[in-house]
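There are two complexes below, and they share subunit A, which is joined by subunit B in the first and by subunit C in the second.
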Partner chain A sequence: MSNSKLYKGSLNTIILKLLNEQDKMYGYEITQKVKALTKGELNITEGALYPALHKLEAEGLLDVEVAKVDNRLRKYYKLTETGTKETANKLNELAEYIKTMQALVSPKLA
Partner chain B sequence: MKRLSKEQIQFIDNYLEHSDVFYADIRMEMIDHVGAAIESEMREQNTEDFYTVFKDYMVANKSSLLESNKRFLKNVDKGLFKRLFKLMIKPKAILLFVALVVFTFVIISKKGHENLVELFYWFPFASIVPFLILYTITLRIFKISRFSGIERMAFVYMVFFQILNLSRILFRGYFSTETANSVVISVVISIMVFISMLLLQLTYQILNEYRINYKSI
Partner chain C sequence: MTLNEAQIQDLYAFTRNHYVEHYDLQTELVDHLANDIEGMWKENPKLSFEDAKQSAFKKFGIFGFMEAIEQRQKVMGKRYRNYFWRELKQWFRLPQILTTLGLFCLYYVTFSSSYVAVFAFSFYVLIGAWCIYKGIQLNRQFRRRKERSKKKWMLEEMIYKQAGAITLVFMSQLFNVFNITDKFVENIYHVLGLAVLFTLLTLCNYISFQLIPDKAEDLLNETYPEFCL
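The block that comes next holds the complex of A and B.
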């Protein structure tokens, strides 16, 4: 992931937010969506994405569905009910964080 | 739209398996990721040369893929212990534990604790037998691939085997005395049986999940 130290803490929130907007997504699709939305600025690597997805799955925030697509199996992730609630919390936390950082780095904008 | 053939998918599968990505469930997700990335790259470069694109992709991303594999295994272990804990605190499980304590206490009151304690000494060894049977059936009879959740259950069993064995050693002396308290004996034996039953339940749940989700592997 580019700028990894700054973005690392927000990876779970990014994943949850994307899944909140779509019914289900698979790993590669998430990386491409993030790349497109950030115009190539943020590139999530496999080493960062999949452990995050599996952790969210183990915490019960994501549910999985396996389907056969193009000669291979594809694992889709979707939000659980708890995951949907947690997404709202995480987004609020992130908004607060951005506001605080803005107040610190450019007080005029805050 | 460029789509990889079955042979090309199989090639990625073999490559990952030989790169120590042993478990089919982890590999399945990696195959899809690598496959989708290669298809996209082949479209972009407007080429049919799968092997060159694959080689370039692996040069750039192999270490990240293997890192993902390593971290996945750590998450599997944590996830299994969490699920076991969740099973333990379910009302049904708590009721089962109480019933086990009462049942063991009644048996001890009627028959004495000597015979039960003899069984208790062998319990840690006996508790891993069901897992070995389930594991052998799964791999040999149903001929399914190696899955991370199932194989890592062996680690969970080993941890609990050590705990049960330690309890056996610690309580052996106390249980041999005639003044040993029946309630203490009942509780200790019930904990052992309870944990073993939950481990079996978890193993069964995991096997079922794999059977449903990965039936085509």
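The block that comes next holds the complex of A and C.
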């Protein structure tokens, strides 16, 4: 991610959350979706995205399928049952983290 | 505007030139680059394919495809080890455990004799020679498979070319068989330990050089179901 190192630890959560909403997505689609949702504020770099996707796949959180689109093969990622459960856990963890950070940086808002 | 077949093949060659040798990862990266190029053409239709390709590649950062390759290798290495352990565990369950016990008894009896040094050396050389023979044979098989399919899969390469990598390390630690003295048989724990080590060495080599390559097709289909090999 080029914008900030602060986002780096949340990359897996971002991917899981998007897949939770979209059923299945391919790598390029994920980068474009994040860009659109954050109005260009957050760019997931390709160099970080694919290692993260492959790691999540190895952990059994993602399943893959390949389809022929136009004149090429496209690899889609989708959540497994474990992945869906893990998404909920990760989102809870992230919410807790945001709450803690808010309490630290702006105590009045917390 | 979409990429034509020649441009897709050019992207495959481009990934190969940037050290992405395996078809599964190549396919994913080619689609990514193609999508990015098509996205750029929407905004600037006059942009050349070559410039768009370089621009798309730059987005992967200074390490290019390296991070994706390394992560993929880690994932496939883990998968290979899982298959290996799955096979090894079978040799400690019925009925294979009977063979394992038989093998252990053979080693234990021979290592308990006063010819322990001769036996240990002979078994070591025998296993080593068989590993070299199988290694050469598997390497040839891998080359033939690659020529036939024109594609290379990461797990396939691990099965055929890196077979025995685990046991080579193991064997390098067993070089002490050359220093066995007559006093060795006096200590039962030494004999037991050596018999266990040789049993494991035999099983590990048999699994990685024979069993896993024999099941290569099934394992590749299990690993890459999306490509329907």
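Keep in mind that, in the parts below, the second predicted complex is superposed on the first by the 109 of 110 C-alpha atoms of A that agree within 3 Å, B and C clash if a C-alpha of one lies under 4 Å from a C-alpha of the other, contacts with A are read in each partner's own complex, and residues count from 1 in each chain.
The rule we apply is simple: a residue touches a chain if its C-beta (ideal position, glycine included) is under 8 Å from a C-beta of that chain, and two chains touch if they have at least 3 such contacts.
These numbers come from a predicted model, not from an experiment.
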{"item": "Combined model on subunit A: subunit C and subunit B, fit or clash", "value": "clash"}
{"item": "Contacts of A:68 with subunit B and subunit C, given as first, second, both or neither", "value": "first"}
{"item": "Which of subunit B and subunit C A:78 touches, first, second, both or neither", "value": "neither"}
{"item": "Partner chain(s) touched by A:47 [first = subunit B, second = subunit C, both, neither]", "value": "both"}
{"item": "First (subunit B), second (subunit C), both or neither touched by A:24", "value": "neither"}
{"item": "First, second, both or neither for A:35, with subunit B first and subunit C second", "value": "neither"}
{"item": "Overlap of subunit C and subunit B interfaces on subunit A (superposed complexes)", "value": "26-29, 32, 45-48, 50-51, 54-55, 57-58, 64-66, 69-75"}
{"item": "List of subunit A residues in touch with subunit B within their complex", "value": "26-29, 32, 45-51, 54-55, 57-58, 64-66, 68-75"}
{"item": "Of all residues in subunit C, those that touch subunit A in their complex", "value": "2-5, 8, 27-32, 34-36, 39, 59-61, 63-64, 67-68, 70-72, 74-75, 78-79, 226-227"}
{"item": "Footprint of subunit A on subunit B - complex, ascending", "value": "3-6, 9, 28-33, 35-37, 39-40, 61, 63-65, 67-68, 71-72, 75-76, 78-79, 82, 213-214, 216-217"}
{"item": "Subunit C-touching residues of subunit A, taken from the complex the two chains share", "value": "26-29, 32, 45-48, 50-51, 54-55, 57-58, 64-66, 69-75"}
